[in-house]
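Next come two complexes, and both contain chain A; in the first it sits with chain B, in the second with chain C.
This part shows the complex of A and B:
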């Protein structure tokens, strides 16, 4: 089989990436199918829901025809798929914007928040884990132990309020918790939607500092709440590697301690990668309380609004975007996981 | 302690004492010895003698909970324990190389082995990554790895045990150390691989004038590689002697018992069979294929025939992957052969259902290789042995107790052990319990899977004596699966040599050891490192190379 032979000649990381990318297409199709059925499974008639209780049968029938609801399910599915492919996720009657526009406005806000929060979480969790294992009984170990104990019991809104109270209200170090950028400052022209990056591209120093300082408190909140779990996992995994025979052998071979720690950490990576991806996916919707407190205008807030308003098009759009995001995060995690562990066969 | 030294010692152990401190007895007690340039010192002792701890203490790294209580280790005249961090790090792996046992566990599983060797070099010398890599590749070639460029990119899980061991040796040699500590460096390797690895080690040491401490529990290795031997017992060095003088007659009684235990015993004679006597077990054209039609197929057994008559012992000999264990599993119906027949006492048992085969199980029993793994850790010895009685007719509680203590007696264990748990027993005792379990049903045939590997010298001899004794008293037949030729000499009447799932030579034990016909059999016999000179063969590796 020449095809198989060519495949096995490819470098391992190319094979890993191609396999994973190949899986994204059917997975995304499955997600779309589920979001489509989601609305079909809701009780009641969408046309009646849209027009309200006082609509006449004729107007409902007309709307049904207009929406294509009189067609068979496969035909509707096909139309839905085509619409999604064209970027048409429907209109939101409450914001009177196309759902896609709404989402495109809010997604970068949440992604920026989650992105920086996760970077901080991973760095803090891994550093705490490594230092506490390498120097057991040291101050970092003690702090990590106490923090690990309470971390599971800290609610995010409480941490957020404490931070706002102390750092903004009492000390005045942090900016006011009102949105992503100071209302008096012009936001940089939208390129990526990430204010920190856009302001750097635009060379706008004031906008950058404003956006960055507004990020501090919410990012800190999310990191404080989520670092504990990741730290415990990283500790277990790193301790296993650090106390293994091969590490001792490296020491007996005179390899410097820094190098040994790096190798042990490299061995401890896989579980850290999977838990990080899990937390990241989870945060997309779970950061809603933090978003609300800091008036962030993110995806989570939008989704909650949509649910409260029974805005089905918006919910559908949110679920679609959220699943696509989670899919991407998990795919990246899978790829990293397989790269981190050469024993996995591809 | 020893004759006047011809050179300043490389390494001096001076009353080295290591322990947990307090009133507890030290684990290493006042160990004093020297190692010179161009010398290979064999350190021999049984499990728990403190051999491995000795190598770690020499490098100034005793395991957590232990500390050096007294004495000194001097390398090139300077104390190891006085050295500070950087200096000590330079000593470890730089001046003194360590080759550990169980190489696969010593290698970083997620780094290519070439890079791991380079890592050690770069920890001690100012060289760039590519320079270090090419030195690693050159060294891999030197330790006998074919295609080292490709192997250097391999990860540990892609290497065989023998290859991983060579990588660990290369790691120890890459910095050109003056002293090499080899801690059971060839444990668990096939005999031919072990011979190659030892040979290479000895050659390199001779060429570069290294001082080598070869820790082992195999006196054959000492005889064939070392200049001097040091015997350890319970943390003390009780005897240091030149190897030749030691083999002529050790001074200490303990050393004598070790040497005696390592020697092969004459094969037990059995009453000659009349030709008409029916074989107890016959295997005919056994074939076992692993893997399906769409995956890679492995022919673990490829047309294997053998037979065992009553009171007779057949040894299946071969290296890992030769199919000898699969053959044993087929006989016991632990796995079903793809084709071929198994006749037991004249009846075809190949295709019997599990239910129908059950009555046969009391007549065919097996002693598993790893006794600790095969014994349920939460059961007491009494229940472990009693479990086999389920195959027999129901018996009263008193009868059961009587039988258990009779079985314990048969394997020379005190009946007080009946209420012990497996973890409270030594490796030799566990092996005996494994044997007692197999004997519980009074079987006609017992399959022994590697009964003597990984055991200490004297324990191994005791197990061999026990099996011989049981066979002569109970008149059972045995199928012996092993790669330990020394034990085959002492136990087997017939030997079948296996290679790649086939039997390449199948004759009586005397004939096969005296006049091996096949090239592979000769290779196996040559790889053996006996304690005594077999007639017509005198190959002392170290002497041969020194000349």
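This part shows the complex of A and C:
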């Protein structure tokens, strides 16, 4: 079997990535079909919504025909699939833009928020976990235990409000919770859509500081709420590795503590990776609350608006993009997981 | 387990005691709300709008002049009613599904599992808003959204347990003794698969309280003037920037304490039902 032989001659990480990529295609297809069906359950007649209450039955019929809503479900589904493959997610009658354009405009805002929040969450969770395991009974251990207990009980929208109250209203350290950048400052030219990165590229200091300071409160909110769960998982996993035979052996051989911690952490990594991916996937939906409070103008707020307006195309588009995002995150996590654990056969 | 053993168990765990105390507070609030609250939870009084805490109004009043303390107390009924309903309905639907798809592992079971995958990977708040849009903004719509989320959770949990139980010798013994599939599933496997479910019930109630509050906060849940914690926080959200902290603070504390209560009870139940951890305190933290 020459094909199998070539396959096994490929480097391990290439095999891991190719296998994962191959699985994404059927998964995406399934997601697209289910999304289509689910959105059709929503009430409200889009044709009547677009034309308003005074539309005649004839004009509604004409628009339905134009939108293809008079066709049978399988025909509509087929049309939808073909359109999606051509990158056409339909028009949003409320923003009068193509849905793809709308989503592309708003995605960077949400991704920037989630991205920084996840970096902070992972760093905080892993540090807390490592310190509390290495020094049991120490201050960090006690704080981590209390925090781990309470963290799961705090609603994110409430934390956001408390942060706004203390850091903006009382102390005046943080900027007002209105959007991603000060309204008086020109946003840097769009290259990546990430304001912090774009302003660095443009060399615009004021824009960078404005964008970065606006990120502080929402990022802190998400990190405070989500660090707890990741920390508990990291503690369990790291404790297992840290108390294992090989760590004892390293210690007996006189390996410095720093290196022991590093190799124990390497062994504790796989469950931490998968938990991180779950949280990241979950955040896209959960960020709706945080985005609303900070008037972030991201995907979450767009989805809320779309549901309120019964905007079929926009909801479908959002769900599709959100599911694709979750799929990509899970796939990346799977790839990292297999890279981190060399025992897994590919 | 007898009473003496149970009280010894509780004394060794301050967390469980706090959880029980919080549960008691909530039960009292639910049963005696009209006697505890000095004002009606839904009566607006424009003359006493946005009063700070103290005096006649223990937690102050909101923009419409409603007494926040009375609303927090009455909201216990609404929040726990929604959460308990959602969790126990999900339990009644999810557990049998879990048993069946764990026991028969054919094509249909795989399809059901994939549907659950999709439901669980869907952004919860968008799903919530979409369904509340379909069903109308009623208390029961929120419960249905939560049910849709929890049914897969319970079914998965039970399925995982069933998968490990069905290969055990006592199942083969039951079959030899002439038990049919239904008897094996529900009389022999299910009782042995319920332990993690009992712990999960408490965790799910906590999740349900948080999600109900979140849905109400974005306007996809309970409507004014019903007293509901998330809705009350949402009412205070605009004022918080201006420094009016009491409208959002107190209902938020109520959410935290209520969720914490069920998390602590879940921890205690886990220890109580895990025979490996009996009387071994160090193992619990490991």
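What we mean here is this: the second predicted complex is superposed on the first by the 308 of 346 C-alpha atoms of A that agree within 3 Å, B and C clash if a C-alpha of one lies under 4 Å from a C-alpha of the other, contacts with A are read in each partner's own complex, and residues count from 1 in each chain.
Note that in this section contacts are C-beta pairs under 8 Å (C-beta built on N, C-alpha and C of every residue); 3 or more make two chains touch, one makes a residue touch a chain.
Note that the structure is a prediction, hence the values are computed from the model and not measured.
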| item | value |
| --- | --- |
| Partner chain in contact with A:158 - chain B first, chain C second, else both or neither | second |
| Chain B versus chain C as contact partner of A:176, first or second or both or neither | second |
| Which of chain B and chain C A:246 touches, first, second, both or neither | first |
| Partner, of chain C and chain B, that touches more residues belonging to chain A | C |
| Partner chain in contact with A:263 - chain B first, chain C second, else both or neither | first |
| Which superposed partner A:285 touches (first chain B, second chain C, both, neither) | second |
| First (chain B), second (chain C), both or neither touched by A:293 | second |
| Chain A residues within the chain C interface of the complex | 30-31, 34, 38-39, 41-44, 145, 149-150, 152-158, 161-162, 164-165, 168-170, 176-177, 239, 281-282, 284-286, 288-289, 292-293, 300, 303-304, 307-308, 310, 315, 318-319, 322-323, 326 |
| Chain B contact footprint on chain A (complex, rising order) | 244-246, 249-256, 259, 263, 266-267, 340-343 |
| Complex contacts: residues of chain C adjacent to chain A | 15, 114, 118, 121-127, 129-130, 133-134, 206, 210, 213-214, 217-218, 220, 230, 233-234, 236-237, 240-243, 245, 248-249, 252, 255-257, 259-260, 263-264, 285-286 |
| Chain B - residues contacting chain A, complex | 56, 59, 61, 89-94, 97-98, 100, 102, 105-111, 119-120, 123-124, 155, 157, 168, 171-172, 175 |
